[in-house]
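Attaching a single structure in structure tokens format; questions to follow.
Which chain is which? They are A, B, C, D and E, in the order written, and residues in each are numbered from 1.
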Amino acid sequence: AEKDKLTDGTELIHKNQFIFAASGEFKPFSYMNDDLTMTGFDVEVGEAIAKELGLKPIQKRMKFKGIVEGIKTGRADAAVASHTINPQRSKHVSFTTPYYYSGPQIFTRPDSNIKTVKDLAGKEVAVAKGSTYSDTAAKFTDNIKTYDSDITALKALSTGRHDAVITDFVTGKSAAKEGFKIKGQQLIERSEQAVVIPQDNPQLLKRVNEALEQLRKDGTLSRISKKYFGEDITKKPE
Amino acid sequence: MPSLAHFLHILAETKGLFLNALLLTLKLTVVSILIGIVIGLFFALLKISKFKIAGFISDTYVYLVRGTPLIVQIFILYFGLSGIFLLPDFWAASLALALHNGAYIAEIFRGTIQSVDKGQMEAGRSLGMTKALTLRRIILPQAFRRALPPLGNQFIIGLKDSSLAAFISMNELFNVATTLGSNNFDEMTYLLIVAVYYLVLVALMTFVVSRIEKSLAVSDR
Amino acid sequence: MPSLAHFLHILAETKGLFLNALLLTLKLTVVSILIGIVIGLFFALLKISKFKIAGFISDTYVYLVRGTPLIVQIFILYFGLSGIFLLPDFWAASLALALHNGAYIAEIFRGTIQSVDKGQMEAGRSLGMTKALTLRRIILPQAFRRALPPLGNQFIIGLKDSSLAAFISMNELFNVATTLGSNNFDEMTYLLIVAVYYLVLVALMTFVVSRIEKSLAVSDR
Amino acid sequence: MDAKEMIKIDNLNKSFGDLHVLKNINMTVYDSDVVCLVGASGSGKSTLLRCLNFLEKKDSGKIIIGEREIIPGTHNLNKVRQKVGMVFQHFNLFPHKTVLENIIEAPTMVKKIPKDQAIAEAKVLLSKVGLEDKANVYPSKLSGGQKQRVAIARALAMEPDIMLFDEPTSALDPELVGEVLTTMKELAEEGMTMVVVTHEMGFAKEVADWIVYMNEGKIVELGKPEEFFNHPKEERTKEFLRTTMLK
Amino acid sequence: MDAKEMIKIDNLNKSFGDLHVLKNINMTVYDSDVVCLVGASGSGKSTLLRCLNFLEKKDSGKIIIGEREIIPGTHNLNKVRQKVGMVFQHFNLFPHKTVLENIIEAPTMVKKIPKDQAIAEAKVLLSKVGLEDKANVYPSKLSGGQKQRVAIARALAMEPDIMLFDEPTSALDPELVGEVLTTMKELAEEGMTMVVVTHEMGFAKEVADWIVYMNEGKIVELGKPEEFFNHPKEERTKEFLRTTMLK
């Protein structure tokens, strides 16, 4: 598929637009307004990047597991969708510098005996399809169930299915706040989340990195993070 | 299970959203059935042509579509087509559904074309009309009429099948329901609401189809 | 599109994984059709019973199932049922598919029961057999025989429909394909592989169904 | 006429919707009598027969079978039907069961007779209707006449006191009519009480004790065969006989 | 017999699979001749007629229409068929078109005659077959006889030189046969060359110039009507006439 090519070599689907993908099913990172537009941390970051690039932000909603494929096949210019940097993905797409730091956490029902990764052996763990959490889970158990979204997985856990869910600690926390009968257990590891850019578009990668740097410097990223989480998750933890 | 009051409250609150989604569902269905009719007609004509290879191509198409789940077809076409040329999402989804519907519609047309009396073709030929002309002017109009009720039925099936476009990011009824459901951490309410929308749509369509059937039965010449 | 060599390579490499998934697909299909037959028979008998209310219940069930997309039914049952009693995943998925198949099977049985000559019931009654006994010993065995080909067909449909159990975490064929595909960033190859598995399954089943039809036609008494 | 009353019909009425099909029917059938019901198509013969077996629900009037009036809902119709065998125009054999299975079905399932015994009795009945060699054959392999004889054997297996026949030969090829009529004649000679709807006037003449002529839902004439055929009283009976005997 | 040769059939053979249906047929039809083809069912009459219109493909032999031999593939059969009208036993009217539309279909679509002119000509033809008032009616509203007359008008609209009729009256109720035969007779009187497969011996006697009797795929006898009916030469013809005239 042919894209518009800017003078500096940046390729865009449409020369005035920054079309960025998110799932809309990962509250509070991305979720739907009542007018079916998306909002959330990821989405505001995406819009801030567009503004910095001088382009019109265009949201594009895709099921999470289809996003990387969507970027590869040119259905969006970039994905601001909480993608954790990992080597497999790096083979297929490019990552910018991280725009937030987080980590997968074990979630269980409140009465569960599972506390740490050691307790996961042989237990049934549900994760979202296409997320790095299925790799994480695979290190501790071989009984993995997959859903299309993290929240569906948490919902299933809450209604009594499966033994645990591994997902981002922020997501789990907000689901618990919304009344899901789940409890956070061990934080498994640290992860870095970044914007996803097609590999054949190095100029765009460069420009998005510059934009992110600017947003870090002028405090925009911290401000958005505080708005959604009450804390700043955009700084690398020590 | 949500309480009835809660259900009704959300139903009223979200009607604008769902109406938009419903329009997309209808657009997907109508467009995919219309393209499906073109595709179906094409393959039905291949099938009845005197060339063996054409019949074989038609059979293969129908077999591939009938032999695999729609969701597999949708994914293959959505991701596969983008390797070749990038259709806008709506058209990619419509085309995937259309190729699915097309196989079933091809079978409908094949059936109704073959159900037209052979004497009709002979009468046309005996008047000096070519085979193509007789097909176009004499056989197909009659075959189309007979195809209306099964096409109506296929429309209803297509309406329900369009829910699978949710998985390739169409904001149609089912997608909106699950998204809102997961955002509001209240899946059941939204699923039940969307079920009601489908039930009403299908009931309306069923009524329309039965009316068409009746009016055809009356005016049957 | 993946190259043929790559496709064949992955096909060979993943056959163990897919064979397990295929077994789950078959188990889901067989169990949901078997439960569907029980459900279908029950509602078919309700429908032909002399109690209006029973017929109404049966109609409503069939209408609800035919009026909504399968994916909506699956989600509602999967999450809705867990509020009432918690079935293991496999049984929840099977039950959801079974309730769907059941409506179509109910229509199959209703049709074949009503197609048995009225004289059979009269002959039974005239011998002093009760209505229930005549139904069980005389009508149903004949209705079952006639139901075999459409049931075979429903089995094929159910086989394809079981792919939607992927969305409620069943590791059946389609789920394994998309999971492997997204883990390996190679969706197309895995989708094409799973399409082949379905094609082969459907071809086998179609062959079996046509054999059943033939043998019924021959031994038709 | 000192014999026992087997069937007594008292002022029977029956309508289908607006169509008054049986109008004030009165009739008595005595033990060992053979009654032939004749009349034009649509005159109500089948309906009357079916009322006797409660396959149709009467509107008003009494039906007395054996000693007592049978009131559906009060009496167990299944018990009554066991005493009243019925043979249909289209045989209505059970196609998924062999000849033997057809015959033992009701005795074993309804009367709970042990299967061995039922089979033994069925074989006796089969040899009686001349089909002992067809025991293990499916109905589809039989000729129409053989089917009807199996149907008779099946009805007899319940040891009924009365046998009803609704045009038992009119679905048969002409050359097969004889074998069925012979079987029926033998049955009559053994003293079975029979009510037979038939167009076979030869059979009626020879075998019937009474001929009942129905027209438009009414019994128009009733008489001994010689009388009925040679000296019909009613004008309509004469007309009927004229047209029927022509064929 | 100095007239122009309109159809010449030379050693025509036709088989369906193993079934040899037409065996060495030779026949000539001259301008303005009316030829009636008669013979038992299955003797090959329809097949012969359909070969003349190339609705069936011959196996061997020559068919000359007008001046030249017609070789499918070499000649445009659609052009030939325009000169040879055909009327079928079951009318084969187009049910989704009115009577008028049925008639103007081929002239407007094939000959590209302007619609106005085609309609005017169609109306003349309709009044000729006595159906001017049915122009805007759909075929389903017509009687069989009316349908067949429309079919004749439809064929005539292409201004054919020859008309073929395949049992044009045998799907009609007896009281409707007359009106169709009258139309055909008028056509014959106007000098149309006609080949008619028929069982209507009265019509054949009165209207035909030649009678051709076929049996088992062969022409057995050919003659003027008086000769043919009164002094048939062949034994089989005599036999055929005996059985046919009985009816």
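The rule is simple: a contact is a pair of C-beta atoms (placed from the backbone, for glycine too) under 8 Å apart; a residue touches a chain by one contact, two chains touch by 3 or more.
Nothing here was measured: the structure is a model prediction, and the numbers come from that model.
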item	value
Minimal step count in the chain contact network, subunit A to subunit D	2
Distance between chain centroids, defined by C-alpha means - subunit A, subunit C (Å)	38
Length of the line joining the C-alpha centres of subunit B and subunit C, rounded to whole Å	22
Computed distance of Cα centres, subunit E from subunit A, in Å	80
Distance from subunit E to subunit B - Cα centre to Cα centre, in angstrom	46
Residues of subunit E touching at least two other chains	none
Overlap residues in subunit C, where contacts from two or more other chains coincide	79, 83, 178, 187
Junction residues of subunit A - those touching two or more other chains	66, 69, 148, 155
Chains grouped in pairs wherever the two touch, ordered by label	A-B, A-C, B-C, B-E, C-D
List of subunit E residues in touch with subunit B within their complex	53, 55, 78-79, 81-82, 84-86, 88, 90, 92-96, 105-106, 109-110, 138-141, 151, 154-155, 158
Contacting residues of subunit B [partner subunit A, same complex]	14, 17, 20-21, 79, 82-83, 85-86, 89, 167-169, 171, 176, 178-180, 182-183, 185, 187
Contacting residues of subunit B [partner subunit C, same complex]	1, 63-64, 66-73, 75-76, 79-80, 83-84, 160-161, 163-164, 166, 174, 177-178, 187-188, 191-192, 194-195, 198-199, 202-203
Subunit D-facing residues of subunit C, complex	117, 119-120, 122-123, 125-130, 133, 137-138, 141-142, 145, 220-221
Subunit A residues touching subunit B - in the complex, by the definition given at the top	1, 24-25, 27, 31-32, 34-36, 60-63, 66, 69, 73-75, 148-149, 151-152, 155, 175, 178-180
